[in-house]
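If you scroll down you'll find the structure; I have some questions about it.
Order of writing sets the chain letters: A, B, C and D. Residues in each chain are counted from 1.
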Amino acid sequence: MGLTIGVDIGGTKIAAGVVDEEGAILATCKVPTPPTPEGVIDAIADAVRTVSEGFEVEAVGIGAAGYVDDKRATVLFAPNINWRHEALKDKVEQRVGLPVVVENDANAAAWGEYRFGAGQGHDDVICITLGTGLGGGIIIGNKLRRGRFGVAAEFGHIRVVPDGLLCGCGSQGCWEQYASGRALVRYARQRAQATPGNAELLLGLGDGTPEGIEGKHISLAARQGDPVAVDSFRELARWVGSGLADLASLFDPSAFIVGGGLSDEGDLVLDPIRKSFRRWLVGGQWRPHAQVLAAQLGGKAGLVGAADLARQG
Amino acid sequence: MGLTIGVDIGGTKIAAGVVDEEGAILATCKVPTPPTPEGVIDAIADAVRTVSEGFEVEAVGIGAAGYVDDKRATVLFAPNINWRHEALKDKVEQRVGLPVVVENDANAAAWGEYRFGAGQGHDDVICITLGTGLGGGIIIGNKLRRGRFGVAAEFGHIRVVPDGLLCGCGSQGCWEQYASGRALVRYARQRAQATPGNAELLLGLGDGTPEGIEGKHISLAARQGDPVAVDSFRELARWVGSGLADLASLFDPSAFIVGGGLSDEGDLVLDPIRKSFRRWLVGGQWRPHAQVLAAQLGGKAGLVGAADLARQG
Amino acid sequence: MGLTIGVDIGGTKIAAGVVDEEGAILATCKVPTPPTPEGVIDAIADAVRTVSEGFEVEAVGIGAAGYVDDKRATVLFAPNINWRHEALKDKVEQRVGLPVVVENDANAAAWGEYRFGAGQGHDDVICITLGTGLGGGIIIGNKLRRGRFGVAAEFGHIRVVPDGLLCGCGSQGCWEQYASGRALVRYARQRAQATPGNAELLLGLGDGTPEGIEGKHISLAARQGDPVAVDSFRELARWVGSGLADLASLFDPSAFIVGGGLSDEGDLVLDPIRKSFRRWLVGGQWRPHAQVLAAQLGGKAGLVGAADLARQG
Amino acid sequence: MGLTIGVDIGGTKIAAGVVDEEGAILATCKVPTPPTPEGVIDAIADAVRTVSEGFEVEAVGIGAAGYVDDKRATVLFAPNINWRHEALKDKVEQRVGLPVVVENDANAAAWGEYRFGAGQGHDDVICITLGTGLGGGIIIGNKLRRGRFGVAAEFGHIRVVPDGLLCGCGSQGCWEQYASGRALVRYARQRAQATPGNAELLLGLGDGTPEGIEGKHISLAARQGDPVAVDSFRELARWVGSGLADLASLFDPSAFIVGGGLSDEGDLVLDPIRKSFRRWLVGGQWRPHAQVLAAQLGGKAGLVGAADLARQG
C-alpha cells in the first residue's frame, strides 16, 4: 500500500496529512475544531478531501482523544468533543469513500514514534505523552496493544495517590494530576505563592502574580536557574519517574519514550525524569534498565502514527 | 509433544509432577526445600527423576520465585533462595538430561489458569496471585508476556501509597503490602488491638492476643460475622479492587483471575473485590467491564503451568 | 456584667441575640448577609440596635469566619466576605456605642459549648464543627486558646493526605476536604456513580442522578439502610475519627465535642466516629480515653459563645 | 527555692545534675542505664545521691520517655524501659527523701528551652525534638501544657501519611517515621542504593554499602555537597516543615524551637526546614509567621528542664 492520510483531532485544530510508507508527510492542512459532534465529522471529511488533492491515497487513519472500541470504529466516549458511542468510522467512510481506521490519539502517537521515531529498533516500548494531560501507548512484540475492548493504555488514570487530587474522570489521585503540563503549572504557582522570593524571575515573566504563571514561563525560568521553576520541574520528574518505575514493574519494556509538549524541553525535563526513574525502579540492581528516550516526531507523531495504522489495515 | 514435568519451588517444599497435554497431573512428588542454592538444584534433579519413573517425559518446566531472564534460563535474583544470576536451566539440564525451561512462579501459575483453569476461552487475561505476597502474570493475544528482559508482571511492587509501608524489596508503598495474606493479618491484628470488643470471636480462635491472630482465623471468624474479621476482608478488598481498576486502565483485559491461597475462600474474598473493582474502575459507564474470576486450579496452577510452558518450548 | 449581645455572621444570614449570664437567649433577630464588606458592617449595627431594644446590654461579641487578630479587633482575612485587615471592632463600636469583641466563629461556638453545652464540667476540651467545612476551637485550662497571633485552631487545614485534594485555601489534602458535609456528599456521589445498584434508595430521593444527591438525602437514606449512604457515613467517620486521634496525641483533652450541622444527625454520625477514634488512637491501651460528645446548642452555639466572650471582656 | 536536681533517663545513660535558679548546671554525673525496671530506680537514686553531695538540694525532677500521668507521679508506659503503671515518684521519693516530679522527657526539654534557651521571651512556644525519634512539648500562656491526662504533645505519632510506614507504636504513617534521625538515615540509604553514582562521597564515609551509612556520615557528606546527602536533608526538611505548618494551624505559636541531636547541625538542617515551613504554611500571606529557632541547650535541655519543673513544684 502506498500513501495514506493521518488525521489528528485536537481540542482547537484538526490536522490532516498525506503520509508515505516511510512516515514522511507530503502535504498537510489544518482547520479549526468545530463545536458540535456533527461539525467535527464535516471538518474531518473536508480536511481529508483538501489534503488528498493530487495524491492517490488508499486509507485514512484518525486519532481522537477518548475511548475507541475494539473494532477501531466507534468512539465510546470523548472527553473534549461530545461523542458518546459515535460511529466515527462509518460516518467518515461514507463522506470520503476510503477505508477508515479510528485510534486513540495517544495510541496513534505511540505507534508513530515506534515506527518512525525514537522507538525504531525496539520490540517492546511504552510511550507516554506529557501534554496538558497524560496519555500513552503500549507496543509489545511489535504490535500496538489495545486491550480486549480497545481502551488499554489509559496511563493518565492509574491511581498514584489514594484520596488524592480530584480528576476530571471522577476519580481521585490519577497520575495525570501529578505528571502533566497542568500539574507543572500548579507546582509552580503553589511554590511562587508560598515563597515569592524564590520565584522573582519566574513571576517577572508573567503578570507578577502566581496565577499569571504559565507553562512556557516555567521552562524559560528554569533554564535561568529560578529556584521555584527548577523545583517545579523536579517535582514533576519525581512523579513521572516513579510512575515509569511502576510501568517497568508491569511491562518491563526495553525503552520508554516520553512525548507530548513537555518533551520539547529535552534534557531539562528528561534528565530529572531519568534520575527519578532510577531512584524508584524496584530491583534495579538485578535487572537490565529500560532506556528513557525523548520522542522525536514532536506534534506530528499522532498524525503519522494514525496514517501508518490505516496502512496496516 | 506428550508428557512434561512441572516443578514448583516453594519456600518450604519443592513439588514436581508429570503433566499431560490437557493439564492433568499423572504423578507427583514433594521434597523439603534445602537451605542452600546447590542443595535446591540437587533436590530438583532428584524430584524430577523420582516422579518421572515409569513415564516418558520430554521436557521440564520450573517455576521459581524471583526474576528470570529473557532466555528463561537464569534466575537473576530470588528473594527466598540465595540465587543471584544462577544458571538454573543449564545446571538442571546437566543433571536430568532433558530440556529445561525456567519461569517466574506467578507467571507459570497464570499460564496454568489461562490454559486449563479460569482463563480458558479468554485471549487477554491478567492473573494475580494473593498468597503471602502478591504476584501475577500477563496474557495478551494468547501469549504469556514476559517483558523485554523477562521480569514483567511484578504486580506486587507497583507503588500504591507514596511514602507507604516499607517493603522487603526496599521500596515503600508496594501493592503487596496492602493486598496479600500478610496484609490481611495486619489489618485484623491492628483492628483487634484497637477495638477488642469487636473481635471477640476472632481473638478466641487464637491465643486471645492480637499477635496470635492468623490468616485461617480471619476467614473462619468472617464467615461467622465477627466485625473485625469482616472489616479486615473489606479493607483487603478495597486495595485489591482499586489495584485491579488500575490494571484495567493499563491492560483492559477481558478477565482478571484471582488465585493464590486467599482465593480458596471463594466469594468471601471475591465478592468484596468485585464490588471494590467496580467502585474504582475509571470510566466504568463507557466501557465493557472485565470479569473478576476465582482461579480454578488452586495450588497446582504453577506446576501445571510450568509443565505446559516446557511443552510449548 | 449582665446582658450581652452575640452576633453570628453567616454566609447567607446575620443573626444577633441578647444573651444572659446563663447562656439563655432572650431575643433574636436575623437579616440577610449583604454582598459588600461595608454593607455587612451596616447590617451588624442594625441587627444590634434592633435586638437590643428594651434591654440593657453591656457589650457585643461577634463571631466571623476567618482569621481574627490577637487583639480580637481586626479580621485579617475572611474567606466568604471580602474582608482583608478589616477593623471590625472599631467600626462596629462607632456605630453601636458598645464595647465589641470579635472572634472566629468556630472559636465562639466552641466557647458556647464549653460554657453552656456539652463541655460543661470539662477543663480541657477540643471542639470541632462539621458543617459545610470543618472548624474548631481549643479550650485548655478553662480558657479559649487563640494562639499568639489569634489564628489557632484552624483544624480544617491540617494536612491529612500528602498530595491530596485541592483545598480552597490553596493547599492540598486539608482535613476539611475529607471530614465535612461537602466531603460526605462527594463520597455519596462517587459511590452512587460507580455502583448505582447499591444506591437505589439514595438516588430516588434526589433527581435520580449522582449529581442530584444532597446532604439531607444521605442522612435519610442511611437511616433506611441504603448501602451507599451507610458507606459514605462510614468513610466520613474514618476521617473524622482518625483526625480526632491525632488531636488526642497533641492536646490530650478530656472531651471532644462534635458540633456543626452534621452533628444534628446524632448517633448516626457520632457512633461511627467514636468507633473510628478508638481504632486510630495511639497508645489507647495505656491512657485514659477522651469522650466524644455531641454538641448540645445546635446552630446557636456561635451566637451564645460570642456573647459570653464579650461578657468576659 | 534554691537548687534542684534534674535527671534525664536515656536508653543507654542516666544523667543527673544540680541546677540553679538560672538554669546553670553546677555538678553532673552519668551512669549506664540498667536493663531492669528496678535497676533503673536504684540507678536514679544512686545518681541523685552522688551528684547532690556538697549541695543543698530541695527537689528532684525526672524526665523519662513515655506517658506520664496527670499527677506527674506514674509512668503509664515507657517504650524503652519495661515500665507499665510504674509509681516512679513514690519509689524515688522513698529512696532519696526529696520531693520528686516526673515528666515526659521531651516535655522537660521543651520547658528547659523555654525557660533558659531559645524560647526566652516567648509566651507560646512549640518545641520539637528531632533525635532518633520525634518528641515535643507545648508551652501556652507561659505554662507547660500536659493535657487532661498528662500525655499531650505526642507529636511523633500524629498521622502524616494514611497507610504509611509502620511505627513502633502500632500505627502507620506517624510523623516520627518521616521526620527523625532514623528517617534521615533511611532516606540516604534508599537513595544511595538506587543511585550510587550520586553518593560516592557519602558511601566512602562508611563501609561502602548503603547499609553502612550512618547519621553522622550524612551531615558530613552534605556539607561537602554530596547529592544524595543533600537530597536526604531536603526530604527530611520537607516532612519537618510541613508538620510544623500543621502545628501552626493548630497552635499558632510565636516560635517553634527545633531541638534534639539533628538540631546540632544548625543551619544545615534549619534552613531547609524554614523554607519548607513557609512553603506549606496555610494562609501565610494573611498572618504573622512563627519563627523557627534552633534549640540552644543541646543535650542538656531535658535535665535542666526537669530540674526547673521540680523547682516550680
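Please note the rule applied: a contact is a pair of C-beta atoms (placed from the backbone, for glycine too) under 8 Å apart; a residue touches a chain by one contact, two chains touch by 3 or more.
Just so you know, these numbers come straight off a predicted model, no measurement behind them.
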item: Given chain B and chain D, the chains that contact each of them; value: A, C
item: Most distant chain from chain C, judged by the mean position of its C-alpha atoms; value: B
item: Distance between the centres, which are taken as Cα means, of chain D and chain C, whole angstrom; value: 34
item: Chain centre separation (chain A, chain D; CA means) in Å; value: 50
item: Overlap residues in chain D, where contacts from two or more other chains coincide; value: 161-163, 170, 193, 280
item: Chain contact topology (line, ring, star, complete or other); value: complete
item: Sites on chain C touched by chain B in the complex; value: 162-163, 191, 193-195, 198, 275, 278-281, 284-285
item: Partner chain D, residues of chain B touching it in the complex; value: 161-166, 170, 172-173, 178, 190, 193
item: Partner chain A, residues of chain B touching it in the complex; value: 67, 76-77, 84, 122-124, 138, 140-141, 143, 145-155, 157-162, 169-171, 174, 242, 245-247, 249-254, 280, 282-283, 286-288, 290
